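For reference, the structure discussed in these notes is given below.
We call the chains A, B, C and D, going by the order they appear; numbering starts again at 1 in every chain.
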Amino acid sequence: MELYHVELLSAALFAIGIYGVLARRNSVLILISIELMLNAVNINAVAYSAFLDPGRLVGQVITIFVITVAAAEVGLAMAIILRLYRTMSTANADEADSMKW
Amino acid sequence: MMEWAWLIPAMPAIAFFFLATAGRCLPNWSAIAATGTMAVAFIVFWFVLADWFSMSALPEVKAFGFSFDWIKAGGSTFTWGMVIDPISLVMVGLVTAAALGIQIYTWSYMSHEPRFTWFFAVHSLFAAAMLALVLADNLLLLYIAWELVGICSYLLIGFFYDRRPAAEAAKKAFITTRIGDVGLLIGILLLFAKTGTFELSAIFTMVENGGISETVITAAAVLLFLGAIGKSAQFPLHVWLPDAMEGPTPVSALVHSATMVVAGVYLVARMFPFYEHSESAALMVTLIGAFTAVGAAAIALVVTDIKRILAYSTLTDLGFMLFALGAGGLTAGMFHLLIHGFSKAILFLGAGSISHGSGQTDIRQMGGLWRKMPITAVIFGIGALSLGGVPPFGGFFSKDEVITAVFDGRGWGFMAIALLIGFMKALYMGRVFFAVFLGKLKPENEHAHESSMVMLAPMLVFALLALFGGFLALSYTDGYQGFGYFVFEGTHQHPFHLNKGIAIGSIALAVSGFILAWMAYVQGSLKTEPIIKRFSGVHRVLINKYYVDEVYQWVIDKVVLVFGRFIAFFDRAFINDIGINGTGSIVTTTGRFMRYVQSGKLYTYAMGMIVGFLGLALAWWVS
Amino acid sequence: MPAEVRFDLLWPEFLVAGLAFAIFTLDFFLRPERKNILGWISAIGLLYIIAFTIPFLNDESESLFGGLYRVDDYALFFKVLSMAIGGAVILGSIHYVGKYLTHPGEYYAIILLSVLAMMMMAASGELLTAYLSLELLSFCLYILSGFALHDRKSSEASVKYILLGAFSSGLLLYGIVLMYGAMGTTNFAEMAAFLDGHGEINGRLLIGLTLLVTGLGFKMAAVPFHMWAPDVYEGAPMPITAYIAVGSKVAAFALVLRLFAEGLLPAIDQWNILIAGMAAVTMLFGNVVALAQTNIKRMLAYSSVGQVGFLLMGVASLSTLSSNGLMVHLVGYSATNLAVFFAIIAFYNYTGKEEISDFAGLASRSPFLAAAITISLFSLAGLPFLAGFVTKFYLFSAAAAEDLLWLAGVAMVASLISLYYYLKVARQMYISPATEGEDSTIKVPALLYGLVGVMVIIVILIGLYPEPLVNLIEDATAVILPGGDASALSLR
Amino acid sequence: MNGLESVLLFSLVVTPFLGAAVLAFFPADNHKLIHWYTRIIAASGLAIAAYLFITFDTGDSLNKYIVDFDWLPSLGIRFTLGLSGITVPLVLLNAIIFFGGVLISWNVDHRPKDFFVWLMLLVAGVYGVFASRDLFFLFFFYELAVVPMYLLVGVWGSSTDFGTFLRTKEYGAMKVMLVLVAGSVLVWIAILAMWVEAREITGIADFGMAGLSQVEFSEGFQKTYYPFLMIGFGILAGLWPFHTWSPDGHVAAPTAVSMLHAGVLMKLGAFGILAVGMVLLPDGARFWAPLLIGLGTVNVIYGAISAMGQKDLKYIIGYSSVSHMGYVLMGLGALDTLAVDGAVLQMFSHGIMTALFFAMVGVIYQRTHIRDITILAGLGKKMGITGVFLAVAGLTSLGLPGFSSFVAEIMIFIGTYRTYPVVGVLAVVGAAITAVYILRMLGAVFFGPIDENKWKDLTDANKTETGVAALLTGFLLLWGLYPFRIVEIIDSGVVPIMERLGS
């Protein structure tokens, strides 16, 4: 297994995540797509750490922090989405377009 | 006394400032202030003249001047200075005398006018400007005075500003002369650019010793003459003068006799070395003078308003003077200027007296007035005979000088024209005099009355001058050997001489002119109506002043103002609305469209970020 | 690696965090109508912390945790600035919160936490630390922007903000990781050393940097990553709009400036043209679109997008002088924007309206507010004798000095465009008459009166005599760009 | 800072500034107090300016009365004030017009406090531009002078419906402001370019004009950046085709603002071209002089013809200003000492003259609420004094000797004619066209019969207005009849510049 294999995997995951963000209407699914992107980051970070910088564990540290932050983020985002659902009766992000132009 | 000569223009100028600022408070003093200062100027003139004669015993002293620095900038110094030489002395004498007399006349003539003070103020300034003009020793000061003369004429012609024709005439006078002034100023600038000075004496020295090229001399002479055309109302800028009689009569008198119109003639006389050195320019002066004289004389024969007749006669005489100057007759031109000044002053003051006394201005409504206003009639008659060129009146001498000079300078053909002009002068002078004073008194003129002594006295003095002025041409003492020894070009002093043939011819023509007029307007043996009917086309052209005014009016209305409105529209619609506002609205419109990028949808925003990322990466990759 | 970590240097951070938790705690014990006092406590607390911090950290220069966290004059400058902004916003919120919002305790405490995040952003010397502090700030702002519980716009803004924010965090993180992969480090100083050694940039670094710029561009609201800004500005409660406009921008630029100066400066020739291009697009787009706005908050949102373009100029032309210029402009911009927003808050508190046309006749309804808004808007447009003039002049001069005269020219044109829409507001206030029935005199509470007044005075003072401020900033810049003598030639 | 003159110079610039700051705290409804306070400020400025003018020593006039403070050393900005032969007359001009403008505003009763605060800021800016010897502060004051125009025009101005089109005060105000700031953008670019270039050549950051004028900028640089200064400042001077802000601004502006706008603001532009452009970038000035003189000529002729096609009094005078500023630009473009002297004098003279124009138009408009010359007629009967002073302004404008414009114009004519004869000829022609529209205007408004019923209650200019007009007329006459002193002063400032230009 070479580094670029992992890089490709991560890039693919990341791209799928971006696609999800762009293509999904439901906020929750968007959030999940973002989680996908973050996981791509994590894979990449660990891979770099393992392949390029074996002694220092920087990548692993990054990963741990990202996972933590992502968890918090999801919690916060879910709360806010819930708020949106309460006020607008929808969780679709593209229907929340009262402010534009 | 010569160093006090600056008082001559300064006195009336002081009167102007005094009257213009404080005059409102002291209305009763205005006439006295103006006339008093003018009298002082007149007296100073005599002292200066006496000084001149005592000094010019030394033959090499030709001119005396002094000056003070007015502007010093960029390495050049511009001065205000005066030159006192025969030409300027003649002019100063004429102007001070005419202005003084006319002001005295005005006391009575304008006594009921509420803006009496203002009249005297501007009248004084008018005289001051004219005096400064003739005394100026450099072209800059000359131009300054020249413009001041112009503006005073504007103010005076438009004195009755609440009458539309007066306002229009004033505007016309100023703008028309201003067109000529463009030429004058360009000529002056040309001379400054080539010589580096405005000083007349320095410029003349350069002209004499070839310091300026022939082309420049000709160009300058022509350009300066443009100024003269405007001020002296020569074709094609003559249109303002006949209208200028909309001003009060004393103004017309001053304008026509001593100030304003003769300024152009004076300019040509003053710049005479240029015309001596440029044959083509001199020929132009002759031709325009002759053309104007003939054309104007013809109009003077048909118009019926008394002041208009006199106005066209002025045009004729001015043309006549320039005719002489262009032919090389400096003496003749200046002499005619002097005599004409006095004579024309009489005629206008007389005309004023007539309309003042009878309330009429159209000669067809007059006739037989001598019964009601005998003194005016006599005085007017002297003026008419003088300008008609009947000996021994002054006008005869001057006219004879002019014809002789034209003959000497230009030969037979032009002399014939001069004689023709002389004949026409006599004819229209006879016409106006006979039609007004002789014949039957019209019933509506029964109430006509003689004017007051205050008005008549100056007229009398001018009448004497017109009557005997001609004898100035003759030699009396060693100090004064005739006008030709006094005013002369170059080194060419010459005594008065009569060319017998010419003299007899011109006398014959003058007398026959008067006789014809008498036959037509008094005796009635010559009927004018058939002639008018016969030449109705010509008559219509003449009555309408060759349609020059109409053409100009058309040009102004249909070309100049339309062009102005077009430019104004262009400025607003294109430069402003499209150019300036357009730039602004392009930006705002762009903003209005670009805001729709912000769709409000989340995915657009995310897409924007991705596009931005890709764009950045691409740009980086490429660079 | 130093043997012992000087935790004492983190006292300001601890104090702010402590204050935040104190507020959370106090909130339990106060009756709802007394909760106003929490705002006062937070603000005064911040004031005390500022007073403590300045002498405490002055001229300290320490790198904690192996370069992860810096304590130096640069950080100090931004810490104080952040606390000042936070304190001002809290004070400016008190009336608004009392009138429109619920849960004041959480509100003030979260602001305090975000101040902490801002302080950390200025101090971080490493990408992960930077990311964490940035996320802390963002989380706080996500919550705050949705704080108006019953306002649809507020929840919409919040959702948009958090989803896009998380998305951008993903991009940013990916960028960080790629850079880590390319350079083997996330420490700014080590990055600089790496770039100094290796001239060329490989694909990993390139994409990583681009993603980093994208993520930071989102925080700064640079075009085309700005699109969240207008909606969030419009939807968020008004003091929070002010806070986002000022605080988050200050923090983002504090981070960006340190990152680019300490970490990426050796590769400046590679990225400066890109940043310059982004700056040009940002300032033009922001100002041009602002022309078409009718809502004052939205207009100010676009206007601050435009301001980001100006600030980016300072990054694009990075040198001692432009770093000074950027910070001077940042300070001037903060003071000015706070003045505008406080004045608008005062207006909104009384009228509840926020369309530009609602400002008609303000000059007669409240001459003070009208004058304050006019002065601040003129300052934003860069007119003398106000802060905006000097700071723009400084910044543009600095950019010009680094061969970016064209960009300075674009910036001038952009400020000219901005003048138009600022003048439209001035026109409503001074020229248009008040609408019928809405011409009552506006009562401005003393607190807001004082705040607006202080901000306007700061704006004028900076405009008239910026030298003391510039001296402070020069000290700060000397830390991140050592050895630069601003008045001499460019040090690049 | 040393010497009485320096102190006076400093206080001259600072007084209106502080005056405005203090006035901002006055009670807004005590109109009388506000008016008198402003009058005193204006009068003190006039006294100082007059003192500086009278005692001005023409020897070594480039660096006179220096006030010098360090302001922002890292950019090389110093607060430096100084006077030269060029600026002294212009400072006096500003003082005169400010004083006149304040007096003529006796009838401002809509928020007079704000009005005078803005007016004083404007005046402070103008003083500052003339006196600054540092490019930063020159630019600072330049913008400061422009800013208040917006509110002054927008709030206290008037909208006019011209039938086919409408010119609102909002439009006028916005246009004035945006166009002028657009001009200043160009100036700013050039200033920064010079600063950067000088910094690269000498290694010293310096915005001081004294220092910059010692720097040898390369010819290419000068040719590149002089147009920025020329057009940028030129916009303020009404350079064609960027002139339309000026007439439209006048149409909307209140009287005092029109006076200052045409009287002083437009002079800032010409002053900038001379004192910044030609001083700092002489090669550029030489290279671009034909363009400047060409556009100046267009200004003269085009402005005059446009004025001829207008019906609104303020438009006529606005376009006449465009035309007259053309003479100034022409004079500057001729690069001839005499012409440049004339241009500076023309700035002074046109400033006074146009202020008089607008003061009198204001008097007419205030009483009749009409500015259309085809409707007004025969006012001379009722408004004699106004008519006389309007005529004075008109006659000055058409270059009548005896008034200062003539002196200025003749110097410009001489200078331009000897460098570009054709331009000289066109300049003279322009003066003749001026006569046409001025006399047309005077004739239409004041001459002819008056409608007695319509104007039954028409009153003439009151004492204050007459006093202002007399003051302005006095200066026109003074320099018209005895220009020696002022030309001497101007010359002392112009000659060093021209020597540097090498002509």
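One rule holds for everything that comes next: a residue touches a chain if its C-beta (ideal position, glycine included) is under 8 Å from a C-beta of that chain, and two chains touch if they have at least 3 such contacts.
No experiment lies behind these values; they were computed from the predicted model shown.
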Co-neighbours of chain C and chain B - touch as defined: A, D
Innermost chain by mean C-alpha position: D
Furthest chain, CA centroid comparison against chain B: A
Chain pair with more C-beta contacts, B-D versus A-B: B-D
Chain centre separation (chain A, chain B; CA means) in Å: 96
Whole-Å gap between the CA centroids of chain B and chain D: 37
Averaged-CA centre spacing for the pair chain D and chain C, given as whole angstrom: 42
Where chain A and chain D are represented by their mean Cα positions, the distance between them in whole Å: 64
Residue list for chain C, restricted to those that touch at least two other chains: 159-160, 163, 167, 171, 230-231, 292, 420
Where chain D touches two or more other chains at once, by residue number: 178
Numbers and ranges of chain A residues touching at least 2 other chains: 21, 30, 93, 96-101
Inter-chain touch pairs (all): A-B, A-C, B-C, B-D, C-D
For the chain D and chain B complex, residues of the former touching the latter: 165, 175, 178-179, 241-245, 248, 302, 305-310, 315, 319, 336-338, 340-341, 378, 380-381, 395, 398-402, 406-407, 410-411, 413-415, 417-418, 421, 424-425, 428-429, 431-432, 435-437, 439-440, 443, 446-450, 482-484, 487-488, 490-491, 494-495, 498
Footprint of chain B on chain C - complex, ascending: 159-160, 163-164, 167-168, 171, 206-207, 209-211, 213-214, 217-218, 223-225, 227-228, 230-231, 270-271, 273-274, 277-278, 285, 288-293, 417, 420
Contact set on chain B toward chain D in their complex: 69-76, 140, 143-145, 147-148, 151, 154, 158, 161-164, 166-168, 170-171, 174-175, 178-179, 181-182, 185-186, 189-190, 192-193, 560-561, 563-569, 571-572, 575-576, 579-581, 584
For the chain D and chain C complex, residues of the former touching the latter: 28, 70-76, 111, 114, 125, 136, 139-141, 143-144, 147, 150-151, 154-155, 169-170, 173-174, 177-178, 181-182, 185, 188-189, 192-193, 195-196, 199-200, 203-205
Touching residues on chain C, where the partner in the complex is chain A: 128, 131-132, 135, 139, 142-143, 146, 149-150, 152-153, 155-160, 162-163, 166-167, 169-171, 173-174, 176-178, 180-181, 184-186, 230-231, 234-235, 292, 298
